[in-house]
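To start, the structure itself, in structure tokens.
Just so it is clear, A, B and C label the chains in written order, and each chain counts residues from 1 on its own.
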Amino acid sequence: MADLNETASTLHQYGELVGVAAFALSGALTAVRRNMDIVGILLLAVATALGGGIIRDLIIGNTPPNAFTDMSYAVAALLAGGVICVWHPPSNVMTKWSLEVTDAIGLGLFAVTGTVIAHEWGMSAPGAALLGMTTCIGGGVIRDVLSGQIPTVLRPGQNLYAIPALTAAAVVAVLLRYTEYQPWMGLACAALAIAIRIGSLVFGWHGPQPWYMRTLDAPER
Amino acid sequence: MADLNETASTLHQYGELVGVAAFALSGALTAVRRNMDIVGILLLAVATALGGGIIRDLIIGNTPPNAFTDMSYAVAALLAGGVICVWHPPSNVMTKWSLEVTDAIGLGLFAVTGTVIAHEWGMSAPGAALLGMTTCIGGGVIRDVLSGQIPTVLRPGQNLYAIPALTAAAVVAVLLRYTEYQPWMGLACAALAIAIRIGSLVFGWHGPQPWYMRTLDAPER
Amino acid sequence: MADLNETASTLHQYGELVGVAAFALSGALTAVRRNMDIVGILLLAVATALGGGIIRDLIIGNTPPNAFTDMSYAVAALLAGGVICVWHPPSNVMTKWSLEVTDAIGLGLFAVTGTVIAHEWGMSAPGAALLGMTTCIGGGVIRDVLSGQIPTVLRPGQNLYAIPALTAAAVVAVLLRYTEYQPWMGLACAALAIAIRIGSLVFGWHGPQPWYMRTLDAPER
């Protein structure tokens, strides 16, 4: 069990850097689609990758935020953004899925980390879950607002994103409150979020629209 | 007088939840107009309803913000958003006015609460008034930026919104500084903001444009 | 030397108000281009001028931010915005350059001030440089997001903005770390940023796009 927890902690730590890099890639690729130059690519990569964690730290009162004190996050984001400055992933199915899976890993780990940190700073279970979800979707919202789009997480017809984040965050918050929380539990919750997210992409799950919408004008998708 | 103050405090407390619900409704209705699904409707309702207060708390340094520690705000926002997920208000004059009046109540109460809280945290009168106005318009700005629009409060040809908020906030700030502030005064200031806002809607008041604009291209309204 | 430092401090202090006014002018002029009324002009002027400093103060944990405690910033921003409410600068070359030079002064001074303040609050050199740049570009990003545009600092084909900011911030951070920092050094770094920015406008420098973009669809500029 001790071994399992140690492995989980290590996985978590490296996983978080993977998550930062994944969010940085999504920011950089959005910048490329908008024809930005390399300054824009690197700025959007860093803002997307660090934004969620900075919002989380401001809300719990952890100032200056980790992103400004531990440079490994900024370096991971810059490296990932730098890759996109010199190389564009070929647009085939395998690349698309590598990116989606990397992003889902970031989603799952950020939801868990955000909730755990919120709990450690003394927040109640519902508050911690809410903040875990915010950490998770914050970076993507910043990316989309800065590139002039309605945030993906709000757009209709998109696959589930906030739901897996909130599910994992809520389960972690309950576990923290009612059990002796162990790192492997967090990893299991992250895996749950990743599974829901990937399932949503594979099977095309998305949130329902209100029933009365069908009677309005045809929605623009 | 004591009775009056007690009534005022109670009114204020319930009024604030009414304000949160009103802002949540406006967020949810904006989401419906953008054809969002129920996840988007609930997220935009919560972000609109809690955004102004979260900005206020971050600025005064009250971390974590009330919205993350007192769940009654989030619950009120989710309930109001949930109503819009299953029922769309008929678009007739009475509904429009119910919504406008509810929103004006939120406007007035948030301006007063924001200013009082800023004062309690030791801010000077002008700073407190500025923050009261920010609290008030913050939620709406978040709603509009997230749904891809220029914030209503900035758009030309709109009825007064920032002005009633700033008026009430400024009067409260002066009263807090120079009198023994009583809750009924706050309620009176909120009523003042509500009256200016409703008057602006009834009589079509809006801010003037600079005189030289008439000589430029016809403004796009 | 003492005289030089005193002059530098004074220049810095007045320079910062000049910078605030310059950013307020850019906010107000953006509002005019969007046909906003005078409420919108003043709000956008204040948000642009104070936004960067507020973000900086929230990140270092200096709450409430200076902009809410020292009213000279808000007054400078309102005065600059008020000028644009009654007078529109003629669109000739001299006016354009006055505005660009004023904005560049703001850019240089904000980068230096942001970094110095971050250092005083105990941040490491890379964190302080990152925050200095953020302070600098924050106001402009807020201005562009609120007026419904992709931030100038990210748009392709724009002259250098983040680069001079980051250069000055990085040099200041290194000087703070390895030398006995003197105010005149900060002024020299601000001058460096101003020179790079003006040079970028005169000679049309801008960041390169990734080499592979030439092979994609023609970029929309």
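Observations, loosely collected:
What we mean here is this: a residue touches a chain if its C-beta (ideal position, glycine included) is under 8 Å from a C-beta of that chain, and two chains touch if they have at least 3 such contacts.
If you're wondering where the values come from, they're calculated on a predicted model, not measured in any experiment.
Chain contact topology: the protein chains form a complete graph, every chain touching every other one. The rotation relating chain B to chain C, fitted on Cα atoms, amounts to 120°, rounded to the nearest 5. Averaged C-alpha coordinates put the centre of chain A at 30 Å from the centre of chain B. Shared interface positions of chain A, i.e. residues touching 2 or more other chains, are given as 58, 61, 145. Across the complex, chain A is touched by residues 31-32, 34-41, 43-44, 54, 58, 61, 63-65, 68-69, 71, 74, 84-88, 145-148 of chain B.
Contact residues of chain C toward chain A in the complex are 58-61, 118, 121, 123-124, 126-127, 130-131, 141, 145, 149-151, 153-157, 160, 162-163, 206-213, 219-221.
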